[in-house]
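Each of the next two complexes has chain A plus one other chain: chain B in the first, chain C in the second.
And now, the complex of A and B:
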């Protein structure tokens, strides 16, 4: 970095000095190389206090059996890697929590990106007026708080009075009301609807911005060469939007991995239905519900590491080396 | 400069010394606390008009002690987190309302000040409601001063019972008989709601059949949920839904709030509900006025099945600077005039036995049965911070929901729950 910033040329009088360089020039270079850091210092200091220190604290907590008693006394209670051992040895993690979390995240990311891209393509082909109408409509879905949205879906699928059960019974597809929240798969199907509905507008708006930036000439040239709409989309537009897609996919993955409210607020999703536990709810129930802050910190560290690995893999796969 | 400042500093030290003396020399009543402020946290929503109530308490408190009262209202939902963060930051109030299940937890963490001696000095010990003393006691010291209590009993639609010529159930057989009659006459209603996510609705059946939730045996806790008695109780309760069809598919994932909502909408004929719910039911649906009543929860062959006594303590935090002043406030709130007034305004029962006995004479069908339940059948869940962890993990709720949804049999679910309870309560 520092080499790109040229030290200011010495004062005109400097050329008269027989031995240049020792005093002022070196000092100038030092100032020049440290200047960017000096300018960054306030921001870095704020980040260190607000982000780095909490991160380090979480790391330190994860190596302790840290509960309410330790909070009151302020004492440390080091137990090494025992928290990590307990997490990784828990059969619930491998049998229920991880499959639910990963399976759900894969489906939710795929669904969100596919639907969002579809809507973006639709909006790109609309005129100004209808684009505003569709844009506003999906913005409302996006702006709806997760809690509100979740309750709407819960009411739709309510066993005794939900519109979904009533419709199925009216059509004659089922005789008795079914509680869709007690089964693991129907439970997550509802969460999936909720999360995709809430998450696709972000993808749509971002991809639309990218779509509008694709040069018209390229598309026209491809059409002249006989490429159909599918081919134009996958071979001209998608490669052009690779960076947009990578950002959208990485962010969606992180969000869908950490989904909490949409599961916790569902009937049985707060830990009563053990088959429906995901990483967010499980870590909350196991750690904060039981005042085991050390254990919770260890889960947070593992989740961060896991998401970092996934992000690195994505970035490597989606972007070529020279684009980094 | 230095020379001129010195006398001021000496003076200031002297003043502080004097106030410290003043505080110390007035042991017992905490009066002459002029200029001091007592910080208090109270849960929001228990009393619909708590501002006015505490204005009055504040005036009386200032008159008695000379100190100002600073009351802050806290939401139940955030309260536990706020306590934990304020404990971590050393910014706890002097006195706070603590839910009965939290008192032992905070005492165990060392955040509370024992009040055993204060209670003994003022000779109040014999006149406190026993269930609240039990949940406020940890390691043989009292940490939570009984303030108000509530209890869950059987609430039923008296209009429908009258229509069908039914009496309030006295035994389990009565419940089934009433349920069958209601189901036949009103198939659109839930004859008896069995919610899958409400643990306090489960324990009365365990105790009513002679079982135990968990018993301390020396240093270890032994869960009794898998005993034949407990299994019979849980089997009967869940059987109301699975065998008799009195409940609904939706109720499998209901919480207590869902029971309340559905009862208020007129969808439920019988359910276990708290003594604080009738007011909320009428607020949601005034048409139900006079159409429902309460009865103590019947034991298997009659008698009263114990039910968990909920409510709040007033606890003194160890950050309180003037413990005498803090105690004056606690005493003012939990005894006599203000305790009685709080009970009248909130619909809860006072934590003082002599006041509670007065309410038992009430002829209100929504007060007397609850008071009877509280006095003759009030019980506590195991008083240990580890039981809080059991509740957080929803061990009991999980078992009930698994039985209702058909994932597990009564035997499987109860033995899994007992095993998990033992693991958590004995620290693995």
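And now, the complex of A and C:
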């Protein structure tokens, strides 16, 4: 590729005095060829010790009955695939956790990408001033940390004094305050609102950057040929932005599958309401709540494998090999 | 503010619709011109409505957070959109008796160390993957992407055991080390786009002038990549500032070492939650992040896309 250079092998001094074979030239060449590795070494060391090794370890834990005793003594206690067997036989997985994880992710990705793209199209059609206003506003939504954002949504929907309940009562739609966090669907509806609100700005800004790069001539030509706005969008803009949409969809999927704080911090989300568990929270609650680190690790491995499969499918379908 | 929003939006659109009018009469399109301009105003009005709805949806949580934070009676029931009793009492309590002064200091220390360490490591690594072709380069990049995808819940169990074995539980050092690792993959991935965007010719020119690789790196590459480095650093700052699950797990027992993200927990009571305090503390946490975000937003998004599609 054009942006890559060969390592600058011969030092200027070396080329002036052509000495064949050994000597500084060869040493320089050695330094040059090892330079990328020298540059990578510190980062790779950190990644290996703190990300790769833990990943291997979580796999090892998942094959053990690993509890507090094992943590303290450091001994292993192999039980083979028993943890996985227990998970797969657990009705919680099929009835609650998997629907909460997968169903939620599908809705969240669809909602985030749709809203984000819509906002990007709207922003592209606005004048400079209003584009800046909208851009700054969505930046505020984006910047809101997940933790505080979640608390704000909890406060809005609070059962006793939340503004949502009070507004509904003021309008007369309900007589009594409703606790929206006990029902599984309204619980996840709030999580969905939270996640979409927090996630769509990234999509909007990224897609907008792509939209502004689509050649005007192409759109005008399509308009001349009688293509309406919808047709122009799906047949000119979307193919042009395939790359951008791939990135946005892949990242949103990865993020939405592993929502944790947004669920955990809601009332009942930390495992007390079993109906609200998703894979990540289930894993955490089993590990740190019940001290069943092996069982929790097995759930975490399942979540990771699920994400891996999805990513591979996406990358295969959306990105060509030479684009990496 | 929201009522004044639609008017200016329609203005540029309406003036944009005007030009076809005056020169219309001479052309065969004279008659449809008025119909077209009315359609234009209608679409401009529709756009204005969309903008207002969007602004309301986008800004409401932040607005509500601020409004409750400044309201001495927040959480007393009977909420109104604006505070009934403006006061700084919530902030005062949070920063003194609430202990947020300590949490803020802890978070700042953790974030600054994380930013510095991960910026150095990510810059070196990104130069390697963006500028050199070497064996395993592609597999390295894929590995970094895959590692980034791994859910924190999978890492928290083994890292908890690891940090415990090193006797770093309940210390800020243990947390910093973990955060550096967490922000590295994304940092490398993003900086790679910025490094790749620097024209190779500049580097070659430096070599022709007799610069060594190290000199070229310092005098040519580093200044040009600086904007990207700033953007990446902001990102790792935000990661460290906002992170919740590791802070909760690794600092569980030592409340004097809490970071802001988990310091909020203490305002949740058994039966009642002190919403005024919670929202004031949330405001304190959120404001620095927002300021940073607005500063780097453009670079952040363009760098992300560049990093994804450029080699």
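Please note the rule applied: the second predicted complex is superposed on the first by the 263 of 324 C-alpha atoms of A that agree within 3 Å, B and C clash if a C-alpha of one lies under 4 Å from a C-alpha of the other, contacts with A are read in each partner's own complex, and residues count from 1 in each chain.
As a convention for this text, a residue touches a chain if its C-beta (ideal position, glycine included) is under 8 Å from a C-beta of that chain, and two chains touch if they have at least 3 such contacts.
Worth saying up front: this structure is predicted, and the values here are computed from it rather than measured.
**Q** Does chain B (first) or chain C (second) touch A:145, or do both, or does neither?
**A** second
**Q** Going by the contact rule set out at the top, does A:71 touch chain B (first), chain C (second), both, or neither?
**A** It touches chain B and chain C both.
**Q** Looking at A:182, would you say it contacts chain B, chain C, both, or neither? Reply first, second, both or neither.
**A** first
**Q** With both structures fitted on chain A, tell me whether chain B or chain C touches more of chain A's residues.
**A** Touching more of chain A: C.
**Q** Touching A:217 in the superposition: chain B (first), chain C (second), both, neither?
**A** neither
**Q** With both complexes superposed on chain A, which partner does A:270 reach: first (chain B), second (chain C), both or neither?
**A** It touches chain B, and chain C stays clear.
**Q** Between chain B (first) and chain C (second), which does A:158 come into contact with in this model arrangement: first, second, both, or neither?
**A** Touch status of A:158: both partners.
**Q** Examine A:254 and indicate which partner it touches, taking first as chain B and second as chain C; both and neither are also allowed.
**A** second
**Q** Figure out whether A:51 sits in contact with chain B (first) or chain C (second), or with both, or with neither.
**A** second
**Q** What is the shared patch of chain A, the residues that chain B and chain C both contact?
**A** Correct list for chain A: 71, 158, 160-161.
**Q** Spell out the part of chain B that touches chain A in their complex, as residue ranges.
**A** Its residues touching chain A are 84, 87-88, 105-106, 108-111, 196-197, 248-254, 267, 385, 388-389, 392-394, 397-398, 401-402, 405, 407, 424.
**Q** What does chain C use to touch chain A in their complex?
**A** My answer: residues 8-9, 12-13, 47, 50-51, 54-55, 57-59, 61-62, 64-65, 68, 75-79, 120-122, 124-125, 127-134, 137-138, 140-142, 144, 146-147, 149-162, 164-165, 177-178, 180-181, 184-185, 188, 196, 200, 203-204, 207, 210, 212-213, 238, 241-242, 244-245, 249, 261, 264, 273, 275, 278-279, 282, 285-286, 289-290, 292-294, 297, 301-302, 304-305, 308-311.
**Q** Provide the residue numbers of chain A that touch chain C in the complex, in ascending order.
**A** 1-8, 11-12, 32-33, 35-37, 39-40, 42-44, 46-47, 49-55, 57-58, 61, 71, 74, 119, 122, 125-127, 129-130, 133-149, 151-153, 155-156, 158, 160-161, 163, 166, 197, 201-202, 205-206, 209-210, 243-244, 247, 254, 257-258, 260-261, 264-265, 279-281, 283-284, 287-288, 293, 296-297, 300-301, 303-304, 307-308, 311, 323-324
**Q** For chain A, which residues count as touching chain B in their complex?
**A** It is residues 67-69, 71-73, 158-161, 176-179, 181-182, 267-268, 270-275, 285-286, 289-291 of chain A that touch chain B.
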